[in-house]
Structures are given as structure tokens and as C-alpha cells.
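Starting off with a structure, shown below.
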């Protein structure tokens, strides 16, 4: 008789979430559609002047990605909370922080990775240069996990509330500020032909900081929301 | 199974500025069943939340086998919980649900064996969505059977069960206690569990 | 010994009695400091050679901005103490600080934009300090919103403590990223304290005002905590005893 290893538990949580997502695969398209539509709104509101769109394209894509992430992360623990499997996840001999990390990883795979595939297309539609699109992808790759990790804290804190949605956005958006700044200025720098390695290293640092630190408050908040 | 013991000392709980209970003491040893009674709103669920470690008591301490429960992770190795919701995923099959539970705990019985014991044989490939409320409860019970958990904490285990299922449930609770397990449960119903095994707390 | 003192001080009846005695003294001290600071700042300090008299708003703006950060840290630390040792008073200090801190942040923003009009010719400029102050206000609003959203006040206090701790780790990151963003996008704007040495006659009233604001915070905090204590323990025995004495 031996307890399952931490790695087994970690992968079991990811696997379960992926299977669940597959069974609800029609819903996977929602964040993507949202992302594309928000981006479409900007040319409609600003006019289709190529120089203007080109200049603000990174900002548009990043804000859209941020909103799409915000929208999808809301459901990170919702279903588990409603059907009682969150209690099951908390009551394991394994560190809850690690299982939280598994949940966030699954969320990232399901909601952010598809964005990475569609973002270049959006970049082209906004007349971005192809090498700038490469940098944009890198920033999305490094930045979106941070959004999910930070979002997890706010979701866990507002889980027990009936109208948590708007409050959750208020909690989380100020915390998104640094990553938005670093990401969009990295792309800006690439557009003006400056080196971007400094920006990207900074984003790497934030990513690792987020991976190590954010699961702790999320786990604490999850336990609290069960009380 | 070694002898396990859950001890509560001077527990008190305040919820929404109201004292639900205070100075609650009890000791539950291997082979015993604790039944928590009380009208609605008396704090049964709050007490269970404290015993599961989700909620911190206002004051007082809990001890599991003479060690204070600070690090809940060790306590959770031995503890299983069924709440108002069964903790089952609607769009997973019965087997997938149990396999997931096993991968977070210590495996004892095989899944097929556990399902057979609760009378759900043949439902392995059925999505939980298509099961009745009673069948879901039984599946949750099968989850307790297929993982090694000395302490069962059950919140109203008999709701939405028919007479036969209640009987089955009670049998498993009794067997679990006889094998040296511990059970804590709340219930509205009168139980037919023998009084020699039973301790009662009235809130 | 120290912990025993902490526990004694944080027991509600003791705190209530002591704070009641302290508040009048603090109030007197506050008016003294405020009077001296305002007189020094508005009358005796020389006018700035570049900005004339309009710089004098510094005597409200800068202390308010300092307080906004300071109070957030106090809120996070006391929240953390409440979370770990479950001291009720620490929870109450934490949540009572939130709206005071938010008010100071708001004050700093308003005075900043009032100051911006003569300096930059616009009510709002995306200056680094103002922008991070704005983000700080959002953080405060989040804390207040979360506290009001959760019904059980003990749970709410713990939630707020977690959020405040997350915020306090983030504040430096936000602050530096905004500063960095600002230098990238705007070039250096006039920063407010960049003159290497402030005239001593200008500096002393500023420090006195900062002290006055701290004392004001202490007074407001004690009053709010007393209120919150009464609200949270409506059935407390010590409150009945207090009422007896009043009669």
C-alpha cells in the first residue's frame, strides 16, 4: 500500500481536466472567438489606416489576449467547486499548491496555447511585420502563463461569492499591469528595431517568480473558500 | 489497520457573529461511529468543515492519533469526505471518476470490485450524467471503498437514497467500523446502526 | 514576554480601554503638528524659484502619497499576522486600514492632478508616480470590494489578508514596471523631488506634515477599530460592562 506519487497526482489532475475539456470541446472555441472579435473591434472603431493599426497592433493583441484569459480563467475552479470535487482535491495527502499548478497548467494548455496559433494571423491582419510577430509570440508564450497563475489567485478568492465575476476582474487587472507593460514594450522595441532580450529576460523572471509564488496564495484561498 | 484516534479539545465556532457551539470535546477511536445531530442551522455542517480542516475553529484544537493537526496534508492521507455534492464529474464515466480518486490516494480494492460491492457492476463505462441521484451516492461510496481511508466524514449520506440503498450504506459504515475504521456523519434519519458502535453529539 | 504583551494588548476590552485614553492625546498632537506644518509650508517656506507658490500643494500631496504606500504595507503585515496567529485585532487593523489608505491614495491623486495643471498644463498626465498611484487605488478598491463581498467577516478578513499580501509583493514590481514604461514612452518628465537638495525651510514643514498625517492615520485607525470591534462582538461581555459604567 503506497500513496500515489506527487507526479502521478499532478498528471492525473491535468489528464482529467483535458478529458473534461475534450468532452465539452464546443466550449473551447469561446476564448478564441472572443480574442478574434475584440481585435476586430479596433479597426472598426479606429478606421483602417494601415500605419496606425501597425503601430498599435501589439497593444491591441495583448489587451485582447489579456481579456480572453480573464474571461476563461473565471471557470478555473468553478465546476470543481460546484460539484464537490474541489473538496476531494483539497483533501489529498499531496501539496495543494502543486495540484493548483496542475489545474493552471491544464487551463493554460486549453485556453492560451490555441491563442498562440491564431495570434500570428491577427498580427498579419493588423499589418505587423513577420519578425515582430515572432517577438509577439514569444511574449505571449512567456506572459500568458503568468496571467493564468495570477488569475488563479483572484478566482480562488472570489469562489464562494455569488457575484464574483466583476469583483474578480477588479482584483486581478491591477496585478496584470507589469506583464502587460513588459510584453507590449518588448514588441514595441522590436518594431523600432531595438534588441528585446532585456524585456524577454524580465518576463522570464516574472514567469518563474509567478510559478513559484502564486500557487501558495491560491491554495490558501481555495481552502478558505471551502470554509 | 493500526489504532487511530481523532480527538477534539474545546472546539468552538462562530459564524456570522453567532456562536454555534463552544467547548466541544470528544474522542473517537478506531471502530467507533460519531453521529452529529441537530436541527438545521445548529452548526452541523460548520462542525464538519472544522473536522475536515477546511475551516479553522474559533478556538480549540484537533488531534489525529495524538498529533495536533497543523499540517493537514498528513491528516488527509487518512481522511475521506462526502459532502452535499458527491465530488463526481458529470462528464466522466464512473470508472474514470474512481481512477482519478485513486491516483490522488492509496489504492486498496480494484475499481471493478468496489463497484460490484455497491451494486453498480456494469456501469463502469456510464457517464455519471446518466446516473440517478442514488447511483451517484453509491458511486461516491465506491470511491471510499477503493481507496485506503481510515476516517470517513459523511455529510448527510442518506439523502436521496431509497430504503435499500440506505441499508447498504449503513452496512458498509458498520463494516468499516468493525474493521477498525472511524466514521463521522450527520444525519436527519434514524439509523439502524447498533448503538454499541455509536457516539452521539447533539448540537 | 513580547508575545504575552501582544496578546494582552490585542484582547478587545484592553484595546478598547487603552485606545480610548490615547485618542485625545493623539488628537492634540495632530493639531499641533498640522498647525506647525501648514504654517511652515504655506507661510514661512520660500516660494519655489520655478513653480512659484503652486508648489505648496506638495505639503499635502507628498505626505498623502507616502501614506498611501505605508498604509498598504501596514494592511498587509497586520493581515499576515491575523492569518498566521489568528489575532482578531490584527484582522481588524488590516481591514480598517483599507478605506483610510484608499482615501489617502485618492487625495494623492487629486492633489497630484491639481498640481499637474500649472506644471504640465493638463489635469492628468501619465506620469509614472501618478500612474502607479492609480494602480494602487485599484488595489485598495479590490481589497474593499472583496471584504464587502464575503458575508462571514472572519473569512472575509482572511481573504483580504491573502489579497493584501499578494498585492504587497506586487507593488514594487508594478511600481518599477510603470516607471520603466514611463521613461520608455515619454522621456523623462519633471520628477517632483529631483532637486538634489530641498531648501531646509521647505523640507522641515514637509516632514512635519508627513508626521501629522501619520498621527491622523493612527487616530482614524483607532476609531475605526473600536467601531469594528463593537460591531463584531455585539454579545461580548466586556461591552455590557462598559455600558454599565456609562450608565
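Order of writing sets the labels: A, B and C. Residues in every chain begin at 1.
As a working rule, a residue touches a chain if its C-beta (ideal position, glycine included) is under 8 Å from a C-beta of that chain, and two chains touch if they have at least 3 such contacts.
These numbers were taken from a predicted model, which means no experiment stands behind them.
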Reference subunit C; chain at largest CA-centroid distance: B
Chain pair with the higher count of C-beta pairs in contact (A-B, B-C): A-B
Per-chain Cα centre nearest the global Cα centre, belonging to chain: A
Distance between chain centroids, defined by C-alpha means - subunit A, subunit C (Å): 33
Distance between the centres, which are taken as Cα means, of subunit C and subunit B, whole angstrom: 47
Chain centre separation (subunit A, subunit B; CA means) in Å: 36
Sites on subunit A at which at least two other chains make contact: 227
Subunit C: positions in contact with at least two other chains: 152
Junction residues of subunit B, two or more chains touched: 56
Contacting residues of subunit A [partner subunit C, same complex]: 153, 157-158, 160-161, 163-164, 167, 170-171, 173-175, 177-178, 181-182, 185, 188, 206, 213-214, 217, 220-221, 224, 227
Residues of subunit A defined as touching subunit B within the complex: 1-4, 8-9, 12, 16, 19-20, 23-24, 82-85, 87-96, 223, 226-227
Footprint of subunit A on subunit B - complex, ascending: 49, 52-56, 73-74, 76-77, 79-81, 83-92, 96, 100-108, 148
Residues on subunit C engaged by subunit B in the complex (per definition of touch): 86, 151-154, 232-235
In the complex, subunit C residues that touch subunit A: 83, 135, 138-139, 141-142, 145-146, 149-150, 152, 155, 158-159, 162-163, 165-167, 169-170, 173-174, 177-178, 180-181, 184-185
